[in-house]
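Letters A, B, C, D and E name the chains as they come in the text, with residue numbers starting at 1 for each one.
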């Protein structure tokens, strides 16, 4: 019963918040509602017993990612209302609607099967973090390390892209040659 | 009783909302928000399936999706910064020098 | 020994042609003409020796030089057959050619392409020799086409003349006439080829002896088809209706050419073919009768046009046409030897007539309109005599060659019971006499109708006149050899003798013909001997105009064949080939290119649109997936 | 020298590569020397060829991609032998007569590569090798037309390339399917033509495969209605390009029919006789008419090529030795005659830089030697006996008469309408008075031109009088092929229609 | 309580990780070197990268076929080995293009080379696993590096390209994630071998087909994006145009090989299970892709953009081979890319040597067709070589791509898809036009400007690279046989 209430509450709230994220003209509103939505999603995780995931969601998303976005927003000076000329709202809603219909139809199908054996079952009486930890550091150690690599890549990328050197072009200047060439053309 | 389908349907709806956002957004920053929404929708689905199958793989996947989302944001914002420095705008209507 | 003679007879003209060709582009060299004439004479001598040999021994000579084409089951050799028929032709051809060669030395005197002329002329003789000597149909076809080309070259000899309108010159220009001759002949040649094909696929060979011995095994329809196809070939070369127009236009060529090719030899090739292939035609009475009927028609038809024509050479050309009709009539009626005899006799007097006309032209500076001549008798005695003799022979006056041969043909028509043909032929004999003498009188008698102050007609060179004498002689006496000729050639050809009944009436028949002939001459004398009296009314009458315009047949051909063909060709090119066929190809290419232009519009450069495309694709795929899943 | 064929194929290519080093001034001499050696080699091939042997000779086989069944497999028989010699000859003569001075070195190198591809096509006994040379031959020709051509050269060259390319890709699918069928039946991958010959296919397969090959070949021939690239290609190409194109490249199409379609799909071929004959007759008559309407001499000859190719096509589908041998012979004859005619047009174009007949008239007076040679070639083109043109045309019509008299008569009109347009050309250009001032001072053929044309004249007459040395090997191979087709045919109609020559019955 | 887990080191089969670890370590070495000294020349990094890749190549070559490692996450089967080898070879031949005679922005960053190596590691992970998680992570690692590399070219266009690629990539990633979620929901697993097992048992359940199709579609969208299939290809031309020529050439080969391997694993699985619908859909997409990309390429004014469309078309071609799902079809994919790689390398290298900082021929394009007008007069050997590449791309025998093309077509014919072979043939004919267009410009036209800068960046290493590409293109006929038999052996050994 409590689960049902929580589910519906969270569902309505997240959908509402994300709608604001998508529809709002104001970056600030959009971002705030996005952050709020993400918090509520971690609520889903808690309901579903994925405590560790919920915590990660809060830390990584709400903490790290939203902070990044906030900085970016400041950098881009995007606090003002953004004028967007949306070309074809009908198309957008049609596509969104259709995809929703099909996806819902898909998920409404008897997709859940009792016959399926869990490969990495959760254990009774063991904390979620512990369960996750064991799987993550055995089976999924390689992806985990690759994810580390990915973050390293992201870090390097972030640093060099935002770095000072990108302001100037290091491509060799050929203006001297150009002059000669232009003269040639004129001949 | 709440079943797997309920969660999945919510996930589907949020995913579609994200898709709509991707489609209608002209500001790159806000477009990135929409992609985050989509990834979050998938996360709900994974967590729910994981719960109903009593299997940890789904949580793993969701975990990695969060990592990926984080990296994407880093790189994406990096690119946005160089772009902004060059163009002074994030409106993607102004970003059509290559076409045809 | 005899084989060598065969090769000498055949290749002497070829050697002559090559020799003359060596100097083809150099200025006039008299010795070229002399050597060519000598070589031709050699050929004549060889032919005569062969004729003597064949005459005395009765054997024929068959030589095979080498294989020509061999594919599948087909084998065609270069084989030559000298028998009674071919040796007759050889002798006639080489004799007339020799005369014409010598004649040309004088006639072409002032022409800068003198050497070239001899080259062509000898080449023609060579082709003609191949035609008559070949031992198979394919070889005959070689000669057949060869004479066609030489005829083309010679008609168009004065190629530098420009095209003029048909009113100015009915033949437009030498080159036009040459092309016409070639093309019309080609039409007939197709028939000839088809004849060859029919024979080959039914017999398996093209050799005369094989074919003729296999004939009894063939069905009637095959024989008819073969005969008809071969005759179509003959119709072209011998200018039978409706393929006759080229012959008069061919008069654009130098006169010796007209004498040799378009009177004595080439045009008779059709008759020769029918004679040569007589076993086939003997077995196909319907086709033969058709040949006879067409021949008779052409005899009359051509004579009618000759009645009113004013062009010296064209009149003779029409008369040639008419005489060819006689020959076909004879051949069609089965009197092959008579046809061959008339062919030979005609060759002599018609060549003479043409050469005489050439003399006149030479004297008159290429003037051809007999209305503008008259009174040439004084200046040109010899020519007058030659042409008179030839005309008498042509008219069929007794003693002269034409009397014997033509009379025999007319008798044959009577003998066969085809009285209609007989009547027409008799009438034509009268017309022949009339127009021949109309021409003679208008040319030589009366007062001069040309400007005597500028034109001083003179007789031809002596040697030319002497060279013409053998022809004159033969035109007079050839008839007396008729009996000997008959026994000679009927060793090979089916004999034809008049029935008892005809034999009884022979004097009556001869008399009737004579009456017509003499009547014709008398009429001509009455009208023209004392100069030209133009009869405006007659000249404006419908029939006169019809005849003068050759029944409007050339105009008809031009309006209904030549022009539509050109127009259709143009349409085919501009409308069909360019606008439909090519445009379709280009259209496909353009369509693809255009659709490229159209579809690149999806590439707007706007990221939002790209995302839309992506979403559209994804959603579409999803929807399709959902639908197809639900449909099962 | 058993590997003479490989030498023939690769000698020009290697010479072409080395040609990059040769100095510009000497390039022409270099090219002529190489082409002469190549011709000599091809004559040697003829000399060592066993005329009595109807099968493949000088066969070489090196597996290249065994897993895929592709091997370097070449050989020559009577049918291909003379086309090879002709290709070598026309290359040499084309080079000798060439008047181009711009980028002469590039031209020589291109021609040498082209020669390799041409010879390659005719010696290939492996479908992929055949296809390889087939496609490769497009490239040098594209360059020749495009770089030295007239004002529309780019359009013409692209059209030429794409049209042929599209057709041959469909042919390629056919080849792949054939290989697949072969694999299915034998378990082995093979693209060897001789292996494919052994397959007896059901009729519906034959029809489909025939259609696939047909597109490739028909466009190359070019058959109506796929012919429109040809007038452009010829019209724009430089003389040498037209010569090679007409003489050799077009023959690839008809050769393909003889080499592939007939022996591989005898039943389908017999079934297709009527449609192909109808197309051929349209080609003959229609293009002859179109040729008559042309204003440009070269276009006339270009269209006349199509018309003559119609005769060749007809002969191939006569299904008897007379027709097919005649057809192959006609390929040679058309190659030499049309090549010579294009060279002749080139001669006048070099002098006057126009090919419009209206610009000329009376050339016979100014350029007599030229007129004589043109006349001889013209007569050969209209099929005058004792010239090379007659033998093939006669045999083709003779052969096809057995199939259908009516169609033969229709096709036979070619001798009439062929004469019509050819004589019209001759009359308009050579006869009449010299009206155009520019023509009055034209020079007659110079030594270079004479020496390149006279050999062709000699060949035209020699093979017109004595075709046996050429016709006999062709005929032997054709007869053997017909025997083979007859044995292989599965339908009764085909067995009836394919006529085995009496002389080869019992034997072989 | 949980039991402690004992894992023996052998059972981990660590050797399966060696190739990727070499690449990663190499990347780190480069980063460290940069820390030590800032003044190092790019040639050092290039050579270092090549060396690392050579070791990587050796390590990959040493792997045994059909091994799993690290809790079955790593999958080393035939296609993973050959695809890794091709990825490495492709990288080795493209990276020397950095050694231009002129300096370019991106190559002044040592990080460029590090990212390059990380990207390769990402691709290697992608192909060496059948676990959707690792595939996803590998994919993203590689993609993020690639976005950065594109942006590093440091021009307005390259930023635009990076943004477009990135944004669409993010969307595709979402689809991939969603697709994986559905697969997971259906089978309770994200490991493909397990997925196949479970799905096979569930195929006959009523009402579930929509989810199966749906999962396939969502994944197909993600990979269609990577493989640039219509209508998910829209990024490709712009990205190719914005990226530097070497990178564009690289992108048209290496990432696609990786994506194809994953596609073979995923969609091959669906087709093997008997889900014909997937095959049909892929065929439709493939045909649409090759045709539309071709006709759009027809109208391009820029050679690089034309080559971009042509690569899209080639990808469609190969995708069709994938749909056949036969050993030959799969062999065809690798054979095609192996051959296409060299030709494409050559073509893009030829563009690269002519890259000029200022656009002297066109306001927008670096390599408009006009630039190559009369190339034969300016640089005859270059023109001939470029012509050879174009002919090869057009599928003219005996150049390399032709063999790939007929192998694909043969595979289609063998599976009974003759219509597909004909469509491929006709498309090749259309495609010939735009390749020919460049040849026409190079050989048949006169230069627009009297310019010799057309080979501006030419340097000895570039000449070597181009020469090698030429040799590989021209001499294809001589190495096709070993190549085919190796590929065929590896692929049939891994059961595809």
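Convention: a residue touches a chain if its C-beta (ideal position, glycine included) is under 8 Å from a C-beta of that chain, and two chains touch if they have at least 3 such contacts.
Computed from a prediction, not measured in an experiment: that's the story for all the values here.
Between chain B and chain D, the least number of touching-chain steps is 2. Touching chain A and chain C at once are the following chains: B, E. Once CA atoms are averaged chain by chain and compared with the all-protein CA average, the nearest chain turns out to be D. Chain centres here are means of the Cα atoms, and by that rule the chain farthest away from chain A is C. The interface with the largest number of contacting C-beta pairs joins chains A-B.
Work out the mean CA point of chain B and of chain C, and you get 96 Å between them.
Centre to centre, using the average C-alpha position, chain B and chain E are separated by 26 Å. Centre-to-centre separation of chain C and chain D, using mean CA positions: 36 Å. Distance between chain centres (mean CA atoms), chain A to chain D: 67 Å. Among all residues of chain A, those that touch two or more other chains are 91, 95, 99, 102-103, 105-107, 111-112, 116, 118-119, 131, 139-140, 143, 147, 150, 153-154, 157, 160-161, 166. Residue numbers of chain B whose C-beta contacts span two or more other chains: 4, 8, 11, 15, 18-19, 22-23, 25-26, 32, 53, 55, 57, 60, 64, 67-68, 71-72, 75, 78-80, 82, 92-93, 95, 97-100.
Shown for chain D are the residues in touch with two or more other chains, namely 162. The list of touching chain pairs reads A-B, A-C, A-E, B-C, B-E, C-D, C-E, D-E. Those residues of chain C that touch chain A in the complex are listed here as 608, 612, 615-616, 618-619, 622-623, 625-626.
By the touch criterion given at the top, residues 1-2, 5, 7, 17, 24, 31, 70-71, 73-74, 102-105, 108-109, 111, 114-115, 118-119, 121-122, 125, 131, 133-134, 137-138, 140-141, 144-145, 147-148, 151-152, 154-155, 178, 182, 185-189, 191, 194, 198, 201-202, 205-208, 210-211, 214, 356-358, 360, 449-451, 453, 456 of chain E touch chain A in their complex.
Residues 163-164, 167-168, 171-172, 175, 209-210, 212-214, 216-218, 220-221, 224-225, 230-232, 234-235, 237-238, 277, 281, 292, 295-300, 430 of chain E are the ones that touch chain C when the two sit in their complex. In the complex of the two chains, the chain B residues touching chain C come out as 19, 22-23, 25-26, 92-93, 95-100.
The touching residues of chain B, counted against chain E in their complex, run 4, 8, 11, 15, 18, 22, 28, 31-32, 35, 38-39, 41-42, 45-46, 49, 53, 55, 57-58, 60-61, 64-65, 67-68, 71-72, 75-76, 78-80, 82-83, 86-87, 92, 95, 97-100.
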